[in-house]
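Shared between the two complexes below is chain A, which has chain B as its partner in the first and chain C in the second.
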Partner chain A sequence: METGELILNIVASTLRLSTPLLLAAMAGLLSLQVGQVNIGLEGLMLAGAFTTVVVGFWLGSTWLGVLAAIIVGMLLAALFTLVVTRFKANLIVSGLAINLLASGSTAYLLKVLFDTSGTLSPASLESLPTVNIPVLSDIPVIGSLVFSQSPLVYVSWLMVPLTALFLYRSIPGTHIRAIGQNEEAARSVGIPVRRRQYLALMLGGGLCGLAGAHLAVGDLALFREDMTAGRGFIALAAVYFAAGRPRWAALACLLFGMFEALQFRLQLISSTPPQFFQMLPYVMVVVVLAIISARKEWRKGW
Partner chain B sequence: MKTSFVASFSRTLVTVLLALLVGGLIMQLSGKDAMGAYQVLWNSAVGSPRALANTLLAATPLIFTGLATLIAFKAGIFNVGVEGSLYVGAFAAAWVGFTFVDMPGILLIPLAFFAGGLVGGLWGLIPGYLKARLRVDEIVTTIMLNYVAILFTNYLVTGPFFVPGMANAMSAEVAPQAQLPRLMERSQLNISFLLALVVLALVAFLLRRTALGYEIQTLGTNATFARWMGMPVARTILLVMFLSGLIGGLAGAGQALGVHYRFVGGFSQGLGFDGIVITLLGRNTPGGVLLASLFLGALRSGASTMEMFTQIPRDLIDIVTALLIFFVAVEVTVPKVWKYWRGGSKTQMAASGSER
Partner chain C sequence: MPYLEVRAIRKTYPGGVLANDDIHFNVEAGEIHGLVGENGAGKSTLMKILYGMEQPDSGEIWLGGQRAHIAHPQAAIQLGIGMVHQHFQLVPTLTVAENIALGRETRRGLFADRGVMRERVRALSDQFGLHVNPDALVSDLSVGLQQRVEILKMLYRNARLLILDEPSAVLTPQEVVSLFEVLRRLVAEGCTAIFITHKLDEIMTLCDRATVLRRGQVVGTVETARVTPAEIARLMVGHELEPPLARKASAAESRDRLIVRDLQTGDARLQNTTVNFSVKSGEILGIAGMEGNGQTGLVEALIGLRPDAKGDILLDGTNLHGLSTRDRRKRGLALIPEDRNREGLSRPMRIWENLASGEYDRSPLNTGGVLRLERMRTAARALMERFDIRAPNEGVAVSTLSGGNAQKVVIARELATPPAVLIASQPTRGLDIGATGFVHEQLLNLREQGCGVLLISADLDELLALSDRIAVLFEGRILRIFPREEATREQIGLAMAGKVESEQAR
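This part shows the complex of A and B:
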């Protein structure tokens, strides 16, 4: 493969691979901003992927499957919100429970409903059709690379500015950030805290449902047990890496998507172990958090 | 205010029964015979000496990871990184086991456990140091470092310690004398279960009877007070994270030497995370950790047999465990909400009284 071709190849798969990360990261960002970090992103995505394939297959329409995935993501997120706000359950424990519930019930249902384990790829289920953006997709080289994608890829690009606008330019978004800063203060000025918590987390659930849908029908049309493979945590890493800022989180997702793309390509031409690239996002977060904190401590005159 | 053991035990029991009930409901809804399934589950978990041994075998790593999580919780540190310590500990133990093949078992086994515990503890020191010195939130770092540990050990067995001819990512087999002696024929139950009980006793002793234990508990209940008292807070955090990682490393060593007889990439499937469930269910006490581990161990070991005989997927156990976590969380708060409602407003109380 020529170098030029290789680079284009990597760009194309970076865009595709960063889509679920972008969607899940926006969900993680909403949860961080409202002060209820959701480490169950992984589970919400997995449930979304499963729902897309099953409902899409049953109803004979992939898009209805995607819609169902959004709904299931929101419902699971509502359950999470209920236990962490009303019942004051521990955030981390509840997030882990969501992950466990999702992986357990998808595997269970796969065996009970379809009598298979591992992979489900119904022959009649089609993946989402590639959408060519008019005019832009005709640009030589770049056009077909960037503007000829699965529809949810564009959706993920839209979600980044939308999330930013929602959080920083809308009233509910401002409420959400206020609650994240100080819940008691927010309550005392009359912000409907509980409702906003549900809003932020359930929007996130819907985004995770979409992320799962992209994994399931964005490219191929199948569900595999644990097909999210830690992407929820990589998205969370992007959020912490960006200290909760949408733009930086999006950049981090692109970067982490690129690592994933590189890991497949470079295996062919170099001896860099793939685990090295898989590890990078996690290592980078720890390093960045350490640097941020070290600077804070220095300023305090430590 | 301390709730009595009997009270918290019976409340947990109700919660557990509720989760099993919902699990049964799920089975019935998917057209299976729930009662029959639970009967099979019960028999294959405790029905025979061999079944019982397998339950204890499944409980062994859970006791370790539960204690590892517990000791950190007690100091107010949310260590989600036991999984990572478990992986690096398992690899270190396996490495000792397949490297020093000429050593007699009586030396090799303790050395392997020592290596596993040490490496696990050092792994725990990374987030520990970041928390103690730089005040980096340990929850995020421990979650992230888990993946680093899983991927790094996976790299070790596919790269430098690759064994030609092996289909999956796994190390060479440990020397025969490093494979843990079994406690019973026809079950893999081995001496690491006894080690788990010893560690349990040590942790209980440490927490209740030593100065360090007092420091840990004070740090956990009131960090500001601990600081004002002049306690060496940073040192205590480091020590706790080392101990927590050490116990997690022992869990990994026990699995590598007693179950797989080698290091298998990705072998744990969340045993470290289970530690959090175990401490939650065990109400943050060493005795509770033991009971919760035995319970979850019984479910896990019974589930495979249940799947074989009743065609009910063993993944049901994961659903039941998740429900259990939610129910415990809810059950802990419900009495408080109830009390608040009753005591909070007199009129409400009067109203509910007159309704009756």
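This part shows the complex of A and C:
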């Protein structure tokens, strides 16, 4: 394989692999900004992936499956909001509960509904069709790699500026940031704090549902137990390293996606045990982001 | 007709503290009205009632000739009442304009119309001479500017009556000067202001009239042009006579137990001031002074909570400089802190745990690194008996105790082993008469036993009743020390207002 081709291949798979991270990171960012960090991103994604496959299979439409995933993500996030705000439950415990609930219940339902375990791959379920962006996808070499993707890849790119715009320019978004910074102050000027908390966290739930849907039907069309494989936590790490700012979180997600893409290539060409390379993305992302975020003046602005 | 009229407001908190007792006062339109009183006098409660954060048990508020019902802060804002809290209600990562418009954004479709908001803030800022950049991030602003943002926030909501809760407490002297300019400008532009403080000079410079509160009651409304600061000070600290305390002659030999030489507390506001005094055995040295004149810094420097403090502190001849708080306590320094709930006790913990917290690290409560819980409980029961702590048993949480009993827990812990020197900072604040009497008795007992007692109090009566000498703290230094025979209310009042230059030269 030529070097140029290799690089382009890595770029393409980077984009694909960062998609669920980007979506989950924007969800984590919303939760961080409203002051109720949701460590249940992982569980919300998993529930989304499962819902996509099951509903898509039942209704015979992948897109309806994706829609259902968004709804399930939002409902679970609403539940999370309820327990952490109304009942003042601990954030960590509640987030963990979401993760355990999603992991356990998807495995259980897999058994009960389909009498199988491990993987569910209904033959009649199709993955989402590749969308070619007109004109752009005709650009030689790059076009077909970058602008010929599964639709949720584009959605994830769009979500980064949209989240930023929402948080930093819209009125509810400004309220969300105000609540996260100084809830007392937000309350004192009459902001409906509880409603905004639901808004931020449920939007995040929807994004996680989408992230799960991409994992399930973005390339293939299957659900595997615990297929999220820690991506929710990586997304959360990206959010923290970015100090809650959308574009830096997105960059961190791309970085992780890139290391993951590299890892696959390295496994193919090396005799070192594959586990070593599987570990690499996680290590690298921590190292690189720690170095970047250690710089002063890092935590200002968007 | 006054602009604001407060009639017969009464407020009792759960637990029985009577915070406001039949409060009457008027504010004329366009005046800056001072509201003065020591901490705990009821100022904050009154302001919370005016701003709808608390509801009075009885009484009426009239605003512009109409009865006002203020159920919550939003209602107060609707009526044109704005409050600038001592702790700012700002969001650091939002801009000035975003903070000011927060919750009242001008809409343009889905988004906030930042242009319109920015222009309105700029216009208000110019009109009132506030000079705040609408686009600056609040986290980048100085405290003084942040306060202006708070003021603008209220003006943006069309407040005509501004309540400022101890606005100068957080400011540097220069910032105070410009705050005063701003307030004068506000009044000139048609606003009315209530200015809460316990600093007399501020009342004298800024306010037309001032209402003085003491122990939840109005003790008078004065026109500042017609009174002296000393007169206000006397109103604030009161002049009721309490039953005279029996003060026996103390142990004859008088050696210095505590000598403080050239102590600098490291207080940024009170730089270049040093404190010198000594406390003899069998002596109570009272420290008088309006709050905020360096009392807190002095106490913290003595007990070892101010790493930047400079100067010598000699306890029975040993220099405590550089020693940790624990080492100072081991050498016989004891403290009844100003705020028992935050500094004196761990409220969620049990009585015996609190009592053991002074000596848990040594025998007999600790043998070879093992805590002897049963001994702690037994010792606690003995202390409860000795100091008359009234509680069901030693295992209840301190948070369930009344103020008086909680203070007794502090005192029992501090005096379990007789100290060489006791620092008692506002030891009777918020206590009822019975508990106050108990504390006084304990202090006098210590004195008879030959301890040195440093008594810091805002209550002049208390100081006059207990002290052998009274030192007056003013702007971080000891202005004068009065022997008991020479200490009169008038003399001390004057000194507390900083007016003893002639005598000091003497």
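As a convention for this text, the second predicted complex is superposed on the first by the 269 of 302 C-alpha atoms of A that agree within 3 Å, B and C clash if a C-alpha of one lies under 4 Å from a C-alpha of the other, contacts with A are read in each partner's own complex, and residues count from 1 in each chain.
Just so it is clear, contacts are C-beta pairs under 8 Å (C-beta built on N, C-alpha and C of every residue); 3 or more make two chains touch, one makes a residue touch a chain.
Remember, it's a predicted structure, so these values are computed and weren't measured experimentally.
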Which superposed partner A:Val285 touches (first chain B, second chain C, both, neither): first
Chain B versus chain C as contact partner of A:Ile171, first or second or both or neither: second
A:Ile191 touches, of chain B and chain C: first, second, both or neither? second
Chain touching more of chain A, residue-wise (chain B, chain C): B
Partner chain in contact with A:Thr3 - chain B first, chain C second, else both or neither: neither
Which of chain B and chain C A:Ser270 touches, first, second, both or neither: neither
Chain B versus chain C as contact partner of A:Asn182, first or second or both or neither: second
Contacts of A:Asn90 with chain B and chain C, given as first, second, both or neither: first
Touching partner for A:Ser124 - first (chain B), second (chain C), both, neither: neither
Chain B partner contacts - residues on chain A that touch it in the complex: 39, 79, 83, 87-90, 92-94, 96-98, 100-101, 103-105, 107-108, 111-112, 117, 230, 233, 236-237, 240, 273, 275-276, 278-279, 282-283, 285-286, 289-290, 293-294, 296-297
Chain A-facing residues of chain C, complex: 73-74, 88-94, 98, 102-105, 107, 110-112, 114, 137, 153
Chain C-facing residues of chain A, complex: 169-171, 174-175, 177-178, 181-182, 184-186, 188-191, 300
Residues on chain B engaged by chain A in the complex (per definition of touch): 26, 30-32, 78, 80, 126, 130, 134-137, 139-141, 143-145, 147-148, 151-152, 154-155, 158-159, 273, 276-277, 280, 313, 315-319, 321-323, 325-326, 329-330, 332-334
